[in-house]
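Following this message is one structure expressed as structure tokens.
Just so it is clear, A, B, C and D label the chains in written order, and each chain counts residues from 1 on its own.
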Amino acid sequence: MNKVFTNAAHAVEDIADGSTIMLGGFGLCGIPENCIAALVKQGTKELTCISNNAGVDDFGIGLMLQQKQVKKMISSYVGENAEFERQLLSGELDVELVPQGTLATRCMAAGYGMPAIFTPAGVGTEVAQGKETRNFNGKEYLLEMAFDADYAIVKAWKGDALGNLVYKDTARNFNPLMAMAGKITIAEVEELVPAGTLDPNQVHTPGIYVHRIFQGQDYEKRIEQRTVRKQLPF
Amino acid sequence: MNKVFTNAAHAVEDIADGSTIMLGGFGLCGIPENCIAALVKQGTKELTCISNNAGVDDFGIGLMLQQKQVKKMISSYVGENAEFERQLLSGELDVELVPQGTLATRCMAAGYGMPAIFTPAGVGTEVAQGKETRNFNGKEYLLEMAFDADYAIVKAWKGDALGNLVYKDTARNFNPLMAMAGKITIAEVEELVPAGTLDPNQVHTPGIYVHRIFQGQDYEKRIEQRTVRKQLPF
Amino acid sequence: MALDKYQIAQRIAQELQDGFYVNLGIGIPTLVANYIPANLDVILQSENGLLGMGPFPLEGEEDADLINAGKQTITTLPGSAFFDSAMSFGMIRSGKVDLTVLGAMEVSENGDIANWKIPGKMVKGMGGAMDLVASAKNIIVAMMHTNPKGESKLLSSCTLPLTGKRCVKKIVTELAVLEIVNGAFKLLERAPGVSVDEIREKTAGKLIVETGIPEMQF
Amino acid sequence: MALDKYQIAQRIAQELQDGFYVNLGIGIPTLVANYIPANLDVILQSENGLLGMGPFPLEGEEDADLINAGKQTITTLPGSAFFDSAMSFGMIRSGKVDLTVLGAMEVSENGDIANWKIPGKMVKGMGGAMDLVASAKNIIVAMMHTNPKGESKLLSSCTLPLTGKRCVKKIVTELAVLEIVNGAFKLLERAPGVSVDEIREKTAGKLIVETGIPEMQF
């Protein structure tokens, strides 16, 4: 069982034009920086990207948008990105906006072998258009389908050679959900450790969900909104 | 915010006759021993118990069966229990058998605010009788409802004053799922620690799901099937 | 006199109860955190995956892996817990979050809310707002009573695309505290020195005014 | 000569491939773990919540918190991971487990399986069997060819209440290896010294026998 790849270029090299890929992260937090850079370099096109956000103009998925590699974004929030806006308005880019919790749960559903889920999010709004609704115990729910993605690309803090993953802080976000949901799941980690290093009680994503893993490098981990408080005076 | 109770007797004292309660554990592994003992002492009757198993004759839920406190068991496997069998055959006890994965997922659904889930388990069997089926992508699924329990009673390894829980090994099983699913969740822990002691990245059940917590005592942690291998000879 | 945004936040903070788990949206709602009474244990949930959100970090202590739903750098507090986004919205959907405070562009007299989309303008997305409004037990809207053109944001029905239907329970503006009751805005409190007439004039939807509306207390 | 239960397990172990995640049921399936070829990386899943199940513990090292789905004390291996039962069946349902081996009372020629209930006898429950058979990509049944009364367990249709429909892919008995193909049992291999006639005689369902059925190799 060899899941360890040497680098991002090898891990993503079979991703073909027209693929549907999930990319972990919330904003710029916990995004698979190495794989995004490799996809940009590789020039894979016509991608459908499922990711909560679309990056900023010069980082994250924004880098793929700059190269016009993305055909469609499925996201909950796509602000902070001028090139995204330009492509959307010019009709080059298609976007499907999905409530954040629905996005997360549709990933989980795929990983848990559930074909669809019921959620109240979006009932009575334009998100509900064309969707089946159903009343349970007096409350209205939408039927939302599990995602079907060719690849899930996630970023973890630590991972081992068997693909077990541990995330750090809020960089966890969508990563474990997408890791479960991809037909092929590619994980980049800040620290790749030998099997047996991670505490089995503290693994967030069991290795069964991960097909490829590699030690990432040169993480920039850009901060989108640097907010600080003043040191209290003595 | 005071979630800390002094002991099991106080934590369960408002559980009334006729309540529906979930009890964590798989077999005798990870069961809330202290709360079961307190319920036996308290003599609460006519209980509907949702638990993967029904204990053995002289331990676990078996102790409540001996006292005829259980009206109905909702479980996936109820072997190894002569008193259970006697009550079932005599009609004193009602039992609803649910596939193990369905049981787990119906707990999760309750904790995740999903009114129902689709699962292929039981399609074409007597479990499907009277249930709605639906075809997604050529495969048949059953619609199964989220559980609705008055109380969830779980056992964790460590917990803090805010109700955050960490489980050990396979004693995790149904505990985190039921912890999410109870209208009121009662957690007994082997070690109660101050808030701030547990690593926030390693909490299995966030405290928001837990209403009452107490330091358990005198854990027997009985082993149902002691299997060992021989020390290799030198 | 009309409240400023800090006072709106301060008034909303009075709605907090001991033991509440609270989700605060972006903008004025975020400011509520500054006014939590010291004698109350209130735990903030950030829907990207954190319970127990602390204040902004000290300069030099920012961590790119630790942000809130507004993508701002934050800190944790003793007893915090991290989780994935499915569990985060799971706890929201299952009603474990006691109070959600969020901004709005429009609210209707039956509790509909619009806060995510303006036709003709670039749509940035609903983020977690639709999940929050569809699920929260108790939703307070923090907003200005009127829009920059001076038009009422409290309407008989929303003109903008909805975020959720019949979900808002209470509204705190610079002028008033109002509750949604039986398809109307029921006036509960006035800002200090603000007249019932001014509130009436700036409320386009059905307004219920009983006698003796008290001023807000701070 | 007919196989014993250890040889059945040994023959099933030949179906393993490098990198397989495998769920082994109670009884003969459990024995398969003893015959995993040393050159293969095979990881065992225990549906109560463990990936990477190791052997039984040494005497004195049993841990009540560490059991398998048969409630036996076990150990972990380097790279093991624990998880809750919803995730465990989630990975089963989503097809991440490559192979499931389980016992059966009856199998029909279209792949139906019955292994949880005998009318008139105390029913202990299906445990995780219904989830496993409904979801696994690849199911091998390990069982005796006939029941204690000598009646065939390979039937045209099951007489006992079903555990799952059209799910079994392969069957290994003390006499034969058979595959479910187009609504029939296709004979693949004979136990050493066992004749096709004996297999034919003990198989009640439709049996496909091509020429030159090889003996199992060990």
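Just a few scattered comments:
Throughout what follows, a residue touches a chain if its C-beta (ideal position, glycine included) is under 8 Å from a C-beta of that chain, and two chains touch if they have at least 3 such contacts.
This structure is a prediction, so every number in the text was calculated from the model and none was measured.
With steps allowed only between chains in touch, the distance from subunit A over to subunit B comes to 1.
For the pair subunit B and subunit C, chains touching both partners: A. For subunit C, the chain whose average C-alpha position is most distant is D. The interface with the greater count of contacting C-beta pairs, when A-C is set against A-D, is A-C. Per-chain Cα centroids separate subunit B from subunit D by 28 Å. Chain centres here are Cα means. That of subunit A falls 37 Å from that of subunit D.
Computed centre separation for the pair subunit C/subunit D is 56 angstrom, with centres defined by C-alpha atoms. The set of subunit A residues that touch two or more partner chains comprises 105, 112-114, 119-120, 167-169, 172, 200-201.
The residues of subunit C that reach two or more other chains are 50, 76, 82-83, 86, 89-90, 92-93, 135, listed in rising order. Under the contact rule stated at the top, the pairs of chains that touch are A-B, A-C, A-D, B-C, B-D.
Taken in their complex, subunit A has these residues touching subunit D: 1, 110-114, 160-162, 164, 180, 194-196, 198, 200-201, 203, 206-209. Of all the residues in subunit C, the ones that touch subunit A in their complex are 46-50, 55-59, 61-68, 70-74, 76, 82-86, 88-90, 92-93, 112, 122-131, 134-135, 161-166.
Interface residues of subunit D facing subunit A in the complex, by the touch rule stated above, are 18-19, 21, 41, 43, 45, 50-52, 76-83, 86-87, 89-97, 135.
The part of subunit B that touches subunit A in the complex is made up of residues 105, 112-120, 136-137, 139, 141, 166-169, 172, 200-202. The residues of subunit B lying in touch with subunit D in their complex are 26-30, 52, 75-79, 85, 88-89, 97, 99-105, 107-108, 119-127, 157, 167-177, 204, 221-231.
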